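Got a structure for you, written out below as structure tokens; questions coming shortly.
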Amino acid sequence: MGLMYNRTMRFEDLNWMDIENYLQTDNRLMLVLGACEQHASLSLLSDVRIPLALADAASQQSGVLVAPPLNFGSSPYFLAYPGTLSLRVSTLLDVVEDLVRSAYGYGFRRILVLNGHGGNDPVRSRLYEVANTLPDLQIAWYAWWVSHSVDEVAHEHGLKPSHANWLENFTFTRVGDVPPGSKPPPHIPGLMNARQARQVYGDGSFGGPYTADPAVMNQVFQAALQDILQMLKFE
Amino acid sequence: MGLMYNRTMRFEDLNWMDIENYLQTDNRLMLVLGACEQHASLSLLSDVRIPLALADAASQQSGVLVAPPLNFGSSPYFLAYPGTLSLRVSTLLDVVEDLVRSAYGYGFRRILVLNGHGGNDPVRSRLYEVANTLPDLQIAWYAWWVSHSVDEVAHEHGLKPSHANWLENFTFTRVGDVPPGSKPPPHIPGLMNARQARQVYGDGSFGGPYTADPAVMNQVFQAALQDILQMLKFE
Amino acid sequence: MGLMYNRTMRFEDLNWMDIENYLQTDNRLMLVLGACEQHASLSLLSDVRIPLALADAASQQSGVLVAPPLNFGSSPYFLAYPGTLSLRVSTLLDVVEDLVRSAYGYGFRRILVLNGHGGNDPVRSRLYEVANTLPDLQIAWYAWWVSHSVDEVAHEHGLKPSHANWLENFTFTRVGDVPPGSKPPPHIPGLMNARQARQVYGDGSFGGPYTADPAVMNQVFQAALQDILQMLKFE
Amino acid sequence: MGLMYNRTMRFEDLNWMDIENYLQTDNRLMLVLGACEQHASLSLLSDVRIPLALADAASQQSGVLVAPPLNFGSSPYFLAYPGTLSLRVSTLLDVVEDLVRSAYGYGFRRILVLNGHGGNDPVRSRLYEVANTLPDLQIAWYAWWVSHSVDEVAHEHGLKPSHANWLENFTFTRVGDVPPGSKPPPHIPGLMNARQARQVYGDGSFGGPYTADPAVMNQVFQAALQDILQMLKFE
Amino acid sequence: MGLMYNRTMRFEDLNWMDIENYLQTDNRLMLVLGACEQHASLSLLSDVRIPLALADAASQQSGVLVAPPLNFGSSPYFLAYPGTLSLRVSTLLDVVEDLVRSAYGYGFRRILVLNGHGGNDPVRSRLYEVANTLPDLQIAWYAWWVSHSVDEVAHEHGLKPSHANWLENFTFTRVGDVPPGSKPPPHIPGLMNARQARQVYGDGSFGGPYTADPAVMNQVFQAALQDILQMLKFE
Amino acid sequence: MGLMYNRTMRFEDLNWMDIENYLQTDNRLMLVLGACEQHASLSLLSDVRIPLALADAASQQSGVLVAPPLNFGSSPYFLAYPGTLSLRVSTLLDVVEDLVRSAYGYGFRRILVLNGHGGNDPVRSRLYEVANTLPDLQIAWYAWWVSHSVDEVAHEHGLKPSHANWLENFTFTRVGDVPPGSKPPPHIPGLMNARQARQVYGDGSFGGPYTADPAVMNQVFQAALQDILQMLKFE
């Protein structure tokens, strides 16, 4: 068999015979959800790049396959920021259902969803519904930025995680200069529409330091990676 | 005008002329979302009764109108417990959208959603989408059991909030005997289907003490009520 | 078993173990559909209160369970009357399908839908579709105000049943003063939109006497109740 | 202008320039809804042929245009009878909405829906919703077999109208031999699924005489035609 | 049995017992899809009349049943031409799915879709999805105007097939005078909306000769008919 | 302005301020659609990689922005090949509508869809519908493998384009060994379901040579690139 560990197992680098071979001995899959939305000065695809980087790293250590990422999520509140491409929540739920049913059809039975975007949370509701109809399917859900592990790292360094602040500022999400210093978190008057959100959030960050020490970022990444490796055991 | 404070302002006790009168001077509305689902030995409608009790209390103090509750929510994971009546998440989102559009049509402009059930969280995504299409609409969302205020009360008494444990055991949610003591929280192996959920959760509580002191329960209720009264200012 | 006759068997007063007990010996359920819509000077929830009162009475005599009412129906034509909260017809059909499928999932097999609102009639079409997919499910539909029995009572007293006239004026639907006398039925020029409907219907009644003798109202209620008790035999 | 009265004005016999000419002086349209479903020994398309015959006759006398018929309706209960082609009710509603919006787009403002099938009744709910969004649109709905006029004719001759009995047995719906005599109406135990419906209804008629005197049938047709001509005045 | 070859086997001329008889010995069905849309000076229903004429002819030679045509298709780009009645593509797909599922339910297993309108092509995607869920169903799709056979006839006579030009100008699609000569094909600047399409296409033809020799038209018809007869063998 | 030509302008390498800057002087966007499906021995993401490579090349020469690719398309017929992740066609249409509406919301007015997968063709129908509702939006659609230019190249070299044969075998779609020689095209018996498709297509190629000369592949790529550059003028 041509597939080996220590290599990132992405669908895009494989053909269907490779997947068929894989399914002879394993039935696990990582599915990356993200968003294409404003992240202040960071990449519009930050919410894809982070869970995909984690998936790649987890794949190298576990040999588990990584499906192509869904490059769009539900971001209705950011639609006044150019570059945000948002799916209606109903569309998003249908997409994920279709992907899970496709993968289940030829044998995947343990699927770990690596979600990179808070707006995608409603997907979980649909996954419960899908799980009620597909025998022997195990699904797990991981949202790195709200994990206990990452929270501990943040807490240890006195940093508060928030959208488009230090937390998402990795070397691989930076696409230009990042402002120095810290931003005071704005006051949020309820559930805002897109225009209000842009007025309130300004550059798009939800506040706090824009940058953290590279060592902290590495610690965050490793904490999330360990979580994922643990979850891939599906215990 | 025939409407007075200190009276619960529920739609069901009013006619359309009353609402028209109200809209002359106010445009606020409380919308109660809940669920009909297993709550261990507590009422199947606990998730409606709690936010509705809060809405009634807030209405008495503020004079703000209370729409009829939606008696069903999204509870796919509890469908193996008899008595659970669950809406598909897509249905639920449509329902809430329809209610908000109806109320907006004749003049409500500030709507506070009082949600009693975690599974209804995806509604927020749809509300953002709706808010993008309805000028001058303000929506706020309150989920009492995850509020900072209630959390503080729980913390103060060393109690951990969880589904169908002490947290939801009010005089008005009890419908029979409640077990004594405390239940060890079960291990949750990912996103379970309905059958697995029943096996894992047994009587349905997510663990912890089944009962708290009445004074604590009152403190919880008052904390949430104050939050709601504050949110009704829509600042 | 803790459940006894002569008591209203509402879901909200029970927990899931009670439902499971019930299903050991019975598989019947009453499902109440209504509307939140203008009823002239009567309660906005008249269409819920009437079938729910009937369900409660029938439950006391038969011991059959009553699911929580759906507080909203399809009322697009009344959306210019403040207080009307209308579901799109597609939403309404999805809701009822979800409720029926939920109840079927753990064992209900004979479901009597008690409908309080004419605009909900399309639900029947979806119920036929659902019935085609769920073996051994029996569904019956009862709309009290168009029943032969109620019609006979009305005819006996020379009264014509219509929306928000005497027919719906029960002690439990009155929420304030009701106009004296009778209203001439307006001319209906086809299928009107909401604005036209308000112009044409004025106070909202479709015409005729606003009030009937309490003895007549009791006769109406008893006639419908007997129908329901008969239908609960599912013969 | 090339269009003349005394000619049936069907879309299929016209091109788009003809419609554009028509819209210079008129904005009325007849829309025929029906069904493809069992009608005992009568044509599977009886529910299309009858309203279409009425539309043609009304068109000859009024010059009002007739859109192509929708050859399918909602008939879930007859799906065990070969030849029934049923749309889900949600599909049907979408179809009619699309047709009305299309016609409204280039100028039709008064649309008379000629419905030939009871199962299509839910369409009215959607039409109310559509009417709320299209200014100046007038819609009227006519179901010939439940009209007061046809009812009077039936009553006059001591005949009871029912599915696939004498009422629908016109020269243009007969496609073979019709049984002699009369059929006792079956007992209907609630809302039946397709298999039960076939068992209960046998040959498909709902009972009563299979045939009426040609003079009666003509009287029925003329009564409905006069209704339609009156409704085309949109008063 | 009353059914004979050399007769057009249309549903509308049959009753359900006829279909049941047919299914004893055959399980093939022809399903005609078309459109109600501008065809320059030709009938608004040209896209129905052509495949239906082919279906009738094929039925006479093969004895295969013809379902009632769907008189509407997806024609969003022609909605500025009066007389076009277009289904949203999502509606169209639902309609065809419902028809196929209905027919499959009581025994049809080989369905030949005779499509008369290019805008209906997306239906094929849905048919693949449906085919994945219905065992032993064979579906074939025939679009006469893009068939190899018709193309050869056109090529042989140096004629280019296009919307509403000679290709669709049969005796049975003409409803008035057809312009003489030929029209220069317009320049198409991408995917146009309905208003632009009307400006660009003018009378509605996509260009080329308006008329071809009757012998050519007959050759075209026969070529398509032979294709259909061949496809009805489902080899 | 920080954006320069000769650089690939992908959303993922930019932040929202970059997009806002771009929209000051340009309103064009390239949107890449593809599929994740079996391509015989080639990458499962061949249908994404090819149009994305073209988009990148076109972006370098024109400075036009490239949205993140949609990594999934409609491939129901390949669902028996492991690795195929297919969206229902209804889901796919919703996704693309959402992306177009998002981009239109903040100023994109000329969108070139670069489609890499035949199964995505139905998207065009939805785009027509969307275009009818968004003033001043210009949409163009390019499917490289059916373009006249690519066809000419193929014809010049006596090669026939087909799924997963030489046509899609670029250096950047190969993920392992490609078989030598040529495959006889299989016989296609109508519209097959997924299981039949796998039986019929075997390794997944639709037949013909597996490989073409690199010079031919370059010629194909350049031909498509020139088409795209021309279309980006939106004339």
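First chain written, first letter: the chains are A, B, C, D, E and F, and each begins at residue 1.
Simple rule for what comes next: a contact is a pair of C-beta atoms (placed from the backbone, for glycine too) under 8 Å apart; a residue touches a chain by one contact, two chains touch by 3 or more.
Just so it is clear, the model here is predicted, and its values are computed rather than measured.
Following the contact convention of this document, no chain is adjacent to both subunit A and subunit D. By the residue-number overlap criterion, the interface of subunit C with subunit D counts as same, with over half of its numbers used by both chains. In terms of C-beta pairs in contact, the better-connected of the chain pairs B-C and E-F is B-C. With centres taken as mean Cα positions, subunit F sits 25 Å from subunit A.
Subunit B and subunit D have centres, each the mean of its CA atoms, that are 47 Å apart. If each chain is reduced to the centroid of its CA atoms, subunit B and subunit E end up 54 Å from each other. Residue positions 79, 88, 90 of subunit B are each in touch with at least two other chains.
Taken as a graph of touching chains, this assembly is arranged as a ring, one closed cycle with exactly two partners per chain.
Traversing the ring of chains that begins at subunit E and proceeds first to subunit F, the chains occur in the order E, F, A, B, C, D. Residues 2, 11-20, 22-23, 36, 38-45, 48-49, 67-72, 79-88, 90-91, 94-95, 98-99, 102-103, 105-107, 175-176, 204 of subunit B are the ones that touch subunit C when the two sit in their complex. Across the interface of their complex, subunit F is touched by residues 74, 76-77, 79, 88-90, 93, 119, 121-122, 124-129, 131-132, 137-141, 189-194, 231, 234-235 of subunit E.
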